[in-house]
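Please go over the structures that come below.
Here come two complexes built around chain A, the first alongside chain B, the second alongside chain C.
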Partner chain A sequence: MLSLRDLSVSFRGRPVLRNLSLDLAPGETLGLVGESGSGKSMTALALMGLLPPGFVASGSIRLDGNELLGLADADLCRLRGRAMAMIFQEPMTALNPVLSVGAQIAEGLVLHGLMAPRAAREEAIRLMERVGLPDPARRARSYPHELSGGQRQRAMIAMAIACRPALLIADEPTSALDVSLQVEILALLREIRDETGMAMIFISHDLSVIHAMADRALVLYGGLAMETGPTRHVIGRPSHPYTQGLIAAIPRGSAHTERLRPIPGQVPDLSRLPPGCPFAGRCDLGDARCAETLPPLRTGLTALHCHHAELAPA
Partner chain B sequence: MVLFLIKRLVGLVLTLLFAALVIFLVLEILPGDPAAMMMGVSATPESVAALRAELGLDRPAAARFLEWLGGFFTGQLGLSYTYRVPVAGLIAERLAVTVPLSLLALGLAVAFGVTLGTLAAAHAHRRADLIIMGMTQLGLAIPNFWFGILLVLVFAIGLGWLPAGGFPGWAADPMLASRALLLPAIALALPQAASLARITRSTMLETLSEDYIRTARAKGLSRSQTIRRHALRNALIPVLTILGLQFSFLLAGTIVVENVFALPGLGRLLIQAIGGHDLILIKSLVLFYVATAILVNGAVDLAYGLADPRLRVGRA
Partner chain C sequence: MTPVLEAVHLHQAYPLPRQGLFERRKRIHAVRDVSFRVEEGQTLGIVGESGSGKSTLARLLVALEKPRSGEVLFRGEQISGLPERSIRPVRPLMQMIFQDPFGSLDPRMRIGESIAEPLGVAEPWLDAGERAGRVAAMLERVGLQPDMVARYPHQFSGGQRQRIAIARALITRPALLVADEPVSALDVSVQAQILNLLFDLKLEFGLSMVVISHDLAVIRYLCDMVIVMEGGRVVEQATTARLFAAPQAEYTRALMAAMPLLPDAEGDPAGARPNPGEQEQNASVGGSPAQLREPDIALNAGRGRAGPDG
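== the complex of A and B ==
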């Protein structure tokens, strides 16, 4: 239902996302993993057609067969919130402080012509109940500052699923929350996904969260898809040196016996990427060719962009 | 909430008392004997002394101060030296011109300022923005009285659409009276609209970069729907404070503009009172201006709570 071909995003001529291709089926969840600045959020915003001013997307984004890139804003407005919806990272700032929570949830239903205002108000209360907000009828009249962080994120989810979108993009929806709340919100998102059969793009820097949520994982680094494939292979048997480094850097239970192995160096500045592999400077296998030419896509158990990696057999 | 209101109210009263004291003391210290002024140069010392006694000027300052303050509650503010009528009545009569004039100017300033400022922000750094910001520079730079004269030249003398000045009174012809207020209100509103437009533009730009604006867009709202439904109210909260402060400038503006257009308002009365050394009238008028400015700012504080739910106290 969603199909990206060679999606690139650039800012003032400099690439921040390069040649991203992926396909997503209904009911499927794709996990986008990467450090901050790897291009995860830019991918999400490009899909929604909400890139900040100055950012230009090229390539192709097809949703249910319709090309989204180059679409007029008025046409995109009909799709946003209706065919595809998004949950943002910061529940503290992503809700309008001067409008009641119920009104913000009901707004999309009325906007997309699905319901009359009164019916939408009642539907908002039902949605709030669905996402587990206590006392929804009263909470609907509350303002965002009267809700806790977890409650606000539940309200955000209610807002995003109001119009039953076919695609839900969740951009680090639990990163700003306590760990115990994280688990609850992830469980809620899984439940709703299985109930509605919507496709989901789940963005996180946290591999354990991706492991819990995604059927397939895509590892982004410096605006380039390093490795992609079924989540269990990408996390369990990674072939790409970057993914291997990422997994080796995860603290394990036996913290006393095993030393953490951080990846040496720093994430490259997106505005000064090398023409070749963005990981070249930090990679054990990196050589002159890596920095100069973009590695081709190679497919084994997983698909990856790398000159050197030995592929695990499919 | 009640405690908050009481605190604000006590603050208001103390500020007013202090202002009254300063006004009274300044006018006490200033040279010039009102009684001597009224009697003219040929008056004998005896007749001046008699008048002083009649006006109560020979009594101690503290007693006169308290009596003056009390007058604001009883309406007995004394007689104007120059007009020989009660000050309270004089002020009330002039308010019938100045209050509608100020409100009309304020309405124009808010309507044009907020609309133009929002437009400029929506088209930031593009042509519409540059044109609007250029206009506001001009609006801020042009003095009230000069713009008033220009308006008279064009719309009253040149085109003959509106009266050049004077005020026929509400009783005679309300329509004609409102027409007489239109040009002065425009002259008065110009700098206010200009600065409101600039402030609205900057707060709107700030608001448009907030996360919840992106949320609204992700819901499917168009840019202009997002501005109207989500950004405007947030952007106007800081504008509200400025509006309270600007109202004082607007009041000061009425003094100039009423004189340009020969309107029998409070501002003109103040200038005439100063010209005639009418001290009793001056001190009551000045205190009246101070009270208005303080009360408007108090009202703005309360309006905050209405505009921003985060500032509402005592709600679950």
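== the complex of A and C ==
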């Protein structure tokens, strides 16, 4: 359904995302995991055709067979909200503060010509009920600032699923929420995915959230897909030194009995990436070749870009 | 032995805006009847969700706020409710670090000056050379190069800035460090560096710490004792080992059930999770907040998918 081939994004000639290829089937969830500056959000924005000025995408993005890259803005507008929709980490900045929540949810339905305004308003109330907003008929007339953080995220979800998109991109949808709300929102997203059969790209810096949500995981670092495969393999039996390091850095016990093994160094600045593997400078296995040449894709139990890693047999 | 820090029936409330001309002014009770002690060299964790009163409590502990009632004792001496003049001599011994060091470092000050600043209050007799020596040694200790003193905060990454904030907090050789969400803004790979650093420094300096976090994994890693707060109240207080092995309060159980965990190896759920059966039995006890009704969904479903047949 969604197919990326060699998707690259650059800013002033510097790559921020390199040669990303992936396929996504209806009903499937792909977890995009990475630290800051890994290119997660750039991937999402490139898919939505919402890259900020100055960023240039190349390669191919096909949604249901249609090439999205190079489409005119007007054509993209017809797809956004209808074929694909996105939810963001901070709904307060994504929602329009001067429009009632109900009107914002109904807006897409009317704009895409799916419903008359009156029917769309009723549908908005039904959607608000579906996402678990209390007293939806009254809430529909509320403005975003009158809702709590969790309720705003629910309203965002209602807006995103209103036109039953085939693809939902969720960019850190629960990172700003308390842990108990996080559990609820994740459960809601899973229910809606299973009800509608939409495909989902779920973006998070949190491996445990990816683990709870995604069938397949893709680990990004410095704009390059380090490792990808079924989530249980990527997290349970990672082959890439970066994925291994990331998992070893998560605290699981007490400092008195278990010392963390942090990855040395800092997440690299995207403007100072080596031409080869972005992880080369921090990696135990890194050598001159790593920094010079982009590692090829190798496939075992998972697929990875690495010159050195020993592959777990498939 | 006298505890380093003791809270006795601490209570803090803030007035809400008046609803009507003749209505009584309502108050929000941010901290209610909180008591605990932190012994020498111990680390106390404070967990709870937003609005539970964690950060208010932290400000009360280092006397940045006066409590409405109750007392804070530092090494047996009351420090709460005193005029600033009386607290000043103690301040260098109680330091605090925050989630976002960018907010606590002066952007126009070279980091060497920022780190040396507390020394001017704590040890005004030091000459410039001695101060520079202390700063260089401290920078090196937190894993930065001493020649970075002339740089400004914006020239550092988030993890480095947190190291600078730690250097500034520890330069006066405090007895107590209060850390409010010290690693929440950091990337996972950098977070582990800072956690190790905090633990090493605690042992090396004989520090007592109070660590505030919403992240139970961070609390479990750093702390010896934990208090769990809900709506300004302490709902549970226990050693870390006991809290994670057998949480008593309904709210603690719900928090732990909601805590995302990674499997240890393929398919195996990570340890330290409370017995789910027990949790269900007690589901009707106590006033669990509505949003915690179905705490298990996300994780169990995730786990199911991670199973060998997944």
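Going forward, the second predicted complex is superposed on the first by the 310 of 314 C-alpha atoms of A that agree within 3 Å, B and C clash if a C-alpha of one lies under 4 Å from a C-alpha of the other, contacts with A are read in each partner's own complex, and residues count from 1 in each chain.
One rule holds in what follows: a residue touches a chain if its C-beta (ideal position, glycine included) is under 8 Å from a C-beta of that chain, and two chains touch if they have at least 3 such contacts.
Please read these numbers as outputs of a predicted model, since none were measured by experiment.
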Exercise. Assess the superposed three-chain arrangement around chain A: do chain B and chain C clash, or do they fit?
Key: fit
Quiz item: Of the partners chain B and chain C, which touch A:93 in the superposed model: first, second, both, neither?
Solution: first
Quiz prompt | Partner touching more residues of chain A, whether chain B or chain C | solution = C
Practice problem: Could you look at A:56 and tell me whether it touches chain B, chain C, both or neither (first, second, both, neither)? | Solution: neither
Quiz item: When the shared chain A is used to line up the two structures, what angle, as a multiple of 10 degrees, is there at the CA centre of chain A toward chain B and chain C?
Solution: 80
Exercise. For A:25, select first, second, both or neither according to whether it touches chain B, chain C, the two together, or no partner.
Key: neither
Quiz item: Is A:119 touching the first partner chain B, the second partner chain C, both, or neither of them?
Solution: neither
Exercise. Classify the contacts of A:145 with the two partner chains as first (chain B alone), second (chain C alone), both, or neither.
Key: first
Practice problem: Determine, under the contact definition given at the top, whether A:159 touches first (chain B), second (chain C), both, or neither. | Solution: first
Exercise. Mind working out whether A:137 is in touch with chain B, chain C, both or neither, as first, second, both or neither?
Key: neither
Quiz item: After the superposition, what is the least C-alpha distance between chain B and chain C in whole angstrom?
Solution: 8
Quiz item: Across the complex, what residues on chain B touch chain A?
Solution: 210-212, 214-223, 225, 229-230, 233-234, 237, 307-310, 315-316
Quiz prompt | Partner chain B, residues of chain A touching it in the complex | solution = 48, 50, 73-74, 77-82, 85-86, 88, 90, 93-99, 107-108, 111-112, 143, 145-146, 156, 159-160
Self-check item: chain C residues touching chain A - in the complex, by the definition given at the top
Solution: 49-50, 157-160, 187-193, 195-196, 199, 214, 217-218, 220-222, 240-241, 254-255, 258-267, 270-272, 289, 291-292, 294-295, 297-299, 301-302, 305-306, 310
Practice problem: Name, in rising order, each residue of chain A that touches chain C in their complex. | Solution: 35-36, 150, 178-184, 186-187, 190, 205-209, 211-213, 215, 230-233, 235-237, 245-247, 249-255, 259-264, 266-267, 282
